[in-house]
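Chains: A, B, C, D and E, in written order; residue numbering restarts at 1 for each.
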Amino acid sequence: MSLPESNVQQPPYEPKIIGFLCNWCSYAGADLAGTSRLSYPPNIRIVRVQCSGRVSPELVLKAFHEGADGVIVLGCHIGDCHYIDGNHRTSKRIPMLRQLLAYAGIEPDRLRLEWVSAAEGERFATIVKEFTETVRALGPIKQVMVTG
Amino acid sequence: MTPTHESEKPRIGVFVCYCGSNIAATVDVEKVAEYAATLPNVVFTQTNKYTCSDPGQEEIRKAIIEHKLNRVVIAACSPRMHEVTWRRLLQGTGLNPYLLQVANIREHVSWVHQDRGEATQKAKELVAAAVERVPLHEPLEPRQVKIAPSTLIVGGGIAGIQAALDIANAGYHVYLVEKQPSIGGNMAKLDKTFPTLDCAMCILAPKMVDAGRHENITLFSYSEVESVEGHVGQFRVRIKRKPRYVKEDVCTGCGLCTQACVLKDRILSEFEMGMGKRGAAYIPFPQAVPLKAVIDPEHCLLLTRGKCSMKCIKACGPGAIDFKQQEEFIEIEVGTIILATGFELYDMSALPQYGYGRYDNVVDGLQFERLCNASGPTEGRIVTKDGRVPEAIAFLHCIGSRDENTNPYCSQLCCMHTLKLAHLAREKTPARIYEFYIDLRAGGKGYEEFYKRVQHEGIHFIRGKGSEVVQDGDKLIVRAEDTLLGKVVEVPVDMVVLALGMVPPKDIENIARIFNINRSRDGFFMEAHPKLRPAETNVEGVFLAGACQGPKDIPATVAHASAAAAQALSLMSRGQATIEPIIAEVIAEKCSACGECIVACPFKAIRMDEEARHAYVVSAMCKGCGTCAAACPSKAIKMAHFTDQQLIAEIEGILGRMSEYELA
Amino acid sequence: MNPLRYAYYPGCSLTTSAKEYDRSVRAVFDALGVELLEIEGWNCCGATPASQNELLMYALSGRNLAWAEARGLDVVAPCSECFKNLNKTAQAVRADPAVRAEVNAVLGDVSLTGKVRVKHPLEVLVRDVGLEEIRRRVTRPLAGLKIAPYYGCLITRPRNEFDSPENPTAMDDLMAALGAEVVDYFPYKTRCCGGALLLSNKRIALGMTRDLVIKAHQRGANSMALACPMCDMMLDPYQGPALRAGEKPLPTFYFTQLIGLALGIDPDQLGFADRVVSPREVLAALS
Amino acid sequence: MDEEHMLEAVRQKILEIMPQVDGVIALRRVGKGTAPHLFLPGDDLSELALFPQFPLPTPVRIIQAKYPDKRFAVVVRGCDERQLVEMAKRQQIFLDKLTMIGVACTKEQAEYCRCEMPFPKQVDVGETVEGIPQTFLDEFLAKPREERLAFWKHAFAKCIKCYGCRNICPECFCKECVLEDNLWVTSGTVPPPFPMFHLIRAMHTVGKCVACGECERTCPADIPLTILYKLLKRDVETVFNYYAGANPEEPPLMDSTIFLADMDMLHPPRR
Amino acid sequence: MNHIQGFSPAAASALEKIAEEVSVCMQCGTCAGSCPTAPAMDYTPRALMRLLQAGLFDEALHSRTIWMCTTCYSCTVRCPRDIHVTDILGKLRGIAIAEGYAETAGMTFNKAFLGIVRRYGRMFEPELLIRYHLRQEPLGIVGAAPIGLALLQKGKISPLPERLPAEGLAQIRRIFEAVEARRKAAPARPHPMHEVSR
């Protein structure tokens, strides 16, 4: 299995970010950012889920455990959810997980929850830019967690 | 020739698309394909200029058969764009359509990242994620659902009427729900239409009558949709019929009660846009359908204060008035839904500098229409509030539109509408007519010719947005810059007409929530795709017709309404709809019957099997959001196509490759 | 509620040409139990000329804001020109980290965050103290006064949440609360008085002032309430030169002078004597 | 009221209730410790015991599952009562077939458990005492982030994955537990990799934990688990105004449609 | 390669930043229609924006328009493209002074005003009047005499300037010097959009 060649010697620290995006709103917002040719840092890798309500705290912890330096969950605004109120559960699970991370001594800012509608391409790009810089400042997850 | 049995060792084919230069411009497609070839279970890779084109799809079909592929990864545009195309392609080769994973390397990579190295690296990782995930995909059979041969249409304007007639004439039943006492919507308020100067009511009334009488159309006027449940093919709709306090089957529409009403001509008429008055018992306009009286509960003395001489009852021959009428709720089941809730005008009083709502003779486009209309408050005579024939009238374009402080979008048709009003004013009064415009947008069929005609009729066009209107004595001074002369002008006129800036109706947020539709930035309903699917929404079986999707003139509205009707008809004529088999399933032996999933399910689609002591999912009701799977502490619920294993595989695909990247 | 305390930024005009504005603001705020702490060693905000260099305006205003921010006090600036410069500076520093960094670099030993809020006395009186509170304390209602409330162009512009930029009503309500009759002075209430061009384009400036007076008369006013020393310069000392022969002058007052009067404060303390256009006839009408 | 008097009072209560039920679940003296016991009508009550404490909800669940149509009484402290309510919300026990005999904990017991509410809603025996202020939580929070991280890494490093904390917790009734699933917690390594095992279990206590403290007491490695669980419990109470086990009608918090409108209401300590 | 890099890299000059902001102007004329002194201007505010869009900066800086603005912000409040017209005119005044364009009455006023603020830290109106009239219309001082007298009688003119304490004055001087240091780099001129017949 060949390793992807990287044309740079030891690359500067680029955070690895996993984004859980809901198919109906935030994923469509990310698509809109694409069709509008906005630009944002490439660190985020997007995993599509049907609803932000699908993202369990265990899944977020697993992403960190696999080596993600930052995890961002994007869902529909309250009231816009394609599944009526799937996002109501997200609005409790993710903030409570942030609290737990903070109490456990892990920087809570590595995890973020935002609402992005299908029409908010710019907002998506801005949030990704901000979050990438926040995580870059926090450094690799290896400092706080055993990964892999 | 059926390919190998799916459960055998995965044989993955990876197809990477150039998308012309859309992807290839920043992603090294060949390198991505080369890299994919090195990934586990990948037995075939190929790049393609346009994977979605026929030749592109043909390549994939050939590859699946030749190389006995049982899993397919396509790295191209967003799955929301062509996943349906690729699934149909797999179906064609006999391969289950869900043994496919799409990597979005266009909208999420090539279009948003400029650095070729970074973009290619990211594309590789998304392909690696898909290759890690797709072996875990299991074949899923889409569910077929019977489509009830009937349509709910919300909104009885020209859009709703057109769609209703198209569907009813095709032999399917329509339930048309209209909030106002009569159908007709905003078009019924118009005098003439552009560019043909047809009388609006003359071309609309026949359609209204047809809709009112059509045996395939049940009209619920003065009613609103309370709630909607279920999914495409089986929408259970609950309609609230507001009490008219008039028995519809008895009332002949003679109007005697409206003449007898104690409050006759004392209440501002909504239909007359506040320019005319009506009584508490009233018929909105002479050509109303249904032609029935209605009693306004907010003003009728009996209904508000409980005491009135009730002259209306005495005046009504057949005794149709019934103050004991209550709200009624009706449940219906329909296969498809069309929203045609139209538009409202921007409330210009939010811009005090134009004096709307402060100076008597500053009116908006629809109010001026009522002045021009023969059945309007002034029988078609254009006169100021105090009855004078105006010596000069100014029409101001773009008030409330194309403005970052109010509505940034252009309402598309107010230039043409204002041109028509100017023509009517020129025709009916000796007044000097001015039009203050920025760009005169006359792009439709016959529109530019109409513009030239109106210029020819001696209307003064001043290229400069009206900046303010100030009352000075009995004149209104319109101040603007004639930008072509570079001079500031102050034009005294007797009447100012503000072009109609179109905005969504006030209750659009509530309607959007009932039908689970989201809205675009300008507040109108959001279509499935602005270019390719303007009449569809993200909710299958729910379509959009007319200005509720965005400002439209009448020809565009009618075309859009017929498009929505056609798409509803295509669903209903097929009789069946495929429901994505992405539903949840309880693994009985793992379930400890705690019921957390039952509480978590937004659609109440999970029940408890009391004897067997485990929960189970009613698949027909499950919409596949996965909230239950995330809520279950022991992960005893399997969310088809989005299982924990599949999502974790995708994460490992990404992060596994990333750590390698770091080692390199 | 705990007593209101603000940092007070009088501005250059209030020490000279608008001294009665300063005295009436202090008297009224004192009567209403609102404490004003004058900013020590405040400097000129640069007025209109400072608009030629944004950094200069932010730095000059920033120096004053820093004093207030250090003490956790909001700033009250009666002169609309100073109010605009200070408010624009606070908003820019709060919104843009780049501006914040540059201003703090220029100011040197200070770290301004822009947390400080800048308020015109009109906002303090109407929003923070509240009309009810003022109405309760009126002892001499201004019956007989028909006031044209004149906001000038800067109190609610370019952007100030406390009232509408096109049709503000705070002063209308305040004057009504004092028992005076308030004429409908829209849209002239926010029209520009021409003050900035007094020297460089006297003819145009005086024309704008004259227009305001004529329209106030047309609307039936017998007096005008002002809220800015520059408007006052035009509508009091320069009202004479602005009007043509035979045109009736219109007595003008700072709105805080009128509040003081209604609260029963001794007129001598409110600087009525300092008015150039004599107010005697109108004050006599006050029964 | 000292222990002997309380025991006597409880015996009276049991004798009173015994005719209406098929049995009473309570603690029995076993050597120096105690063990849950189903006292049947006519049994000798002399060996009844109150301390040291043992969580009775799990035995209630098992016994009710075995005899679904029988009616039982149970001697409960505050945490038992609240835990039974939460478990009722998850159909694990059935309150309509259960009569509770509420015992208020003594001062020492409350201090021993560092309990915030050492008494049930329905107190039949003993006087209620003041809850113990949770000062140790704030002391812990005063530590900077790095110190908290080191604290937990050190604590969790001692974990021998005996699942004791899970087994004793009445809320952990899952047939198959994710902590034993390699997909979530890498199997075959002790201690389990930080932090998956412990943070997953912590998230499972949100909106359920009544802070009975048994997990911490049972842990052979003395890992101070209640610090994490009680901090989360406090957040749930302050932000969602949800008190675990307080109201049987309220749906389970994390699954209900209640949503957090303003995410800034939860501000995690960043320092 | 996406060539839209956005107009202004961080180091853009004032004029380049103005050109970027004005690029969205649709020439609708609302600013001119709202401006109290537009009729007396050689270029209406809208026409001035057009000059800036076309890159004709010299003509814009020569115009009388920028010195006719009373900063009443009506244009900024009503601009449908949310362009801060008033601030742009202000910046142009600064550049016109910095680049030594022909002295106008407004320029004299601004220079005199800021000179006094720099010297005393606060305004001293009599000196402002004298400095302005000496340079612009010496006889004007006579015209202003009656008003001066009235103000003197009312005690509204202070005979002596109010000087800030030394430490405050030093801060004020440092502010002016720091601002001038930043002004040193002459603003790079974006190239005109197209050749315009003279």
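By definition in this document, a contact is a pair of C-beta atoms (placed from the backbone, for glycine too) under 8 Å apart; a residue touches a chain by one contact, two chains touch by 3 or more.
All values reported here derive from a predicted model rather than from experimental measurement.
J.: Where are there more C-beta contacts: B-E or B-C?
T.: Ranking B-E and B-C by C-beta contacts puts B-E first.
J.: Would you mind checking which chain's C-alpha centre is most distant from the centre of subunit E?
T.: D
J.: In whole angstrom, what separates the CA-based centres of subunit C and subunit E?
T.: Each chain reduced to its C-alpha mean, subunit C and subunit E end up 23 Å apart.
J.: How many angstrom lie between the CA centroids of subunit D and subunit E, rounded to a whole number?
T.: 72
J.: Could you grab the centroid distance between subunit A and subunit D? Build each centroid from C-alpha atoms only and quote it in angstrom.
T.: Taking the average C-alpha coordinate of subunit A and of subunit D, the gap between them is 34 Å.
J.: Could you grab the centroid distance between subunit B and subunit D? Build each centroid from C-alpha atoms only and quote it in angstrom.
T.: Here the centre of subunit D sits 52 Å away from the centre of subunit B.
J.: Of all residues in subunit D, which are in touch with two or more distinct other chains?
T.: Residues 178, 184, 254-255, 257 of subunit D each touch two or more of the other chains.
J.: Touching two or more other chains, which residues of subunit B qualify?
T.: 114, 353, 468, 600, 602, 631, 635, 644, 648
J.: Using the touch definition from the top, which residues of subunit A touch two or more other chains?
T.: 37, 39, 58, 62, 85, 89, 93
J.: Any idea which subunit C residues touch subunit E in the complex?
T.: By the definition above, subunit C touches subunit E via 12-13, 15-19, 41, 43-44, 46-56, 59-60, 63, 105-108, 153-154, 157-159, 165-166, 191-192, 194-197, 199-201, 204, 208, 237-238, 241, 273-274, 276.
J.: Going by the contact rule set out above, which residues of subunit B touch subunit A in the complex?
T.: 35, 38-40, 78-81, 104, 106-109, 111-115, 117-119, 121-122, 124-126, 129, 512-513, 516, 518-521, 526, 538-539, 582, 600, 602-603, 623-627, 629-631, 635, 639, 642, 644, 647-648, 650-652, 654-664
J.: Which stretch or stretches of subunit D touch subunit B in the complex?
T.: Residues 89-92, 173-178, 181, 183-184, 204, 251-252, 254-257 of subunit D touch subunit B in their complex.
J.: Quick one: in the complex, what on subunit B touches subunit E?
T.: 25-26, 114, 353, 398, 402-405, 438-439, 463-468, 479-483, 486-488
J.: Any idea which subunit D residues touch subunit A in the complex?
T.: My answer: residues 141, 145-153, 178, 184, 193-196, 198-200, 202-203, 206, 227-228, 231-232, 235-236, 240, 253-255, 257-261, 263, 266, 268-270.
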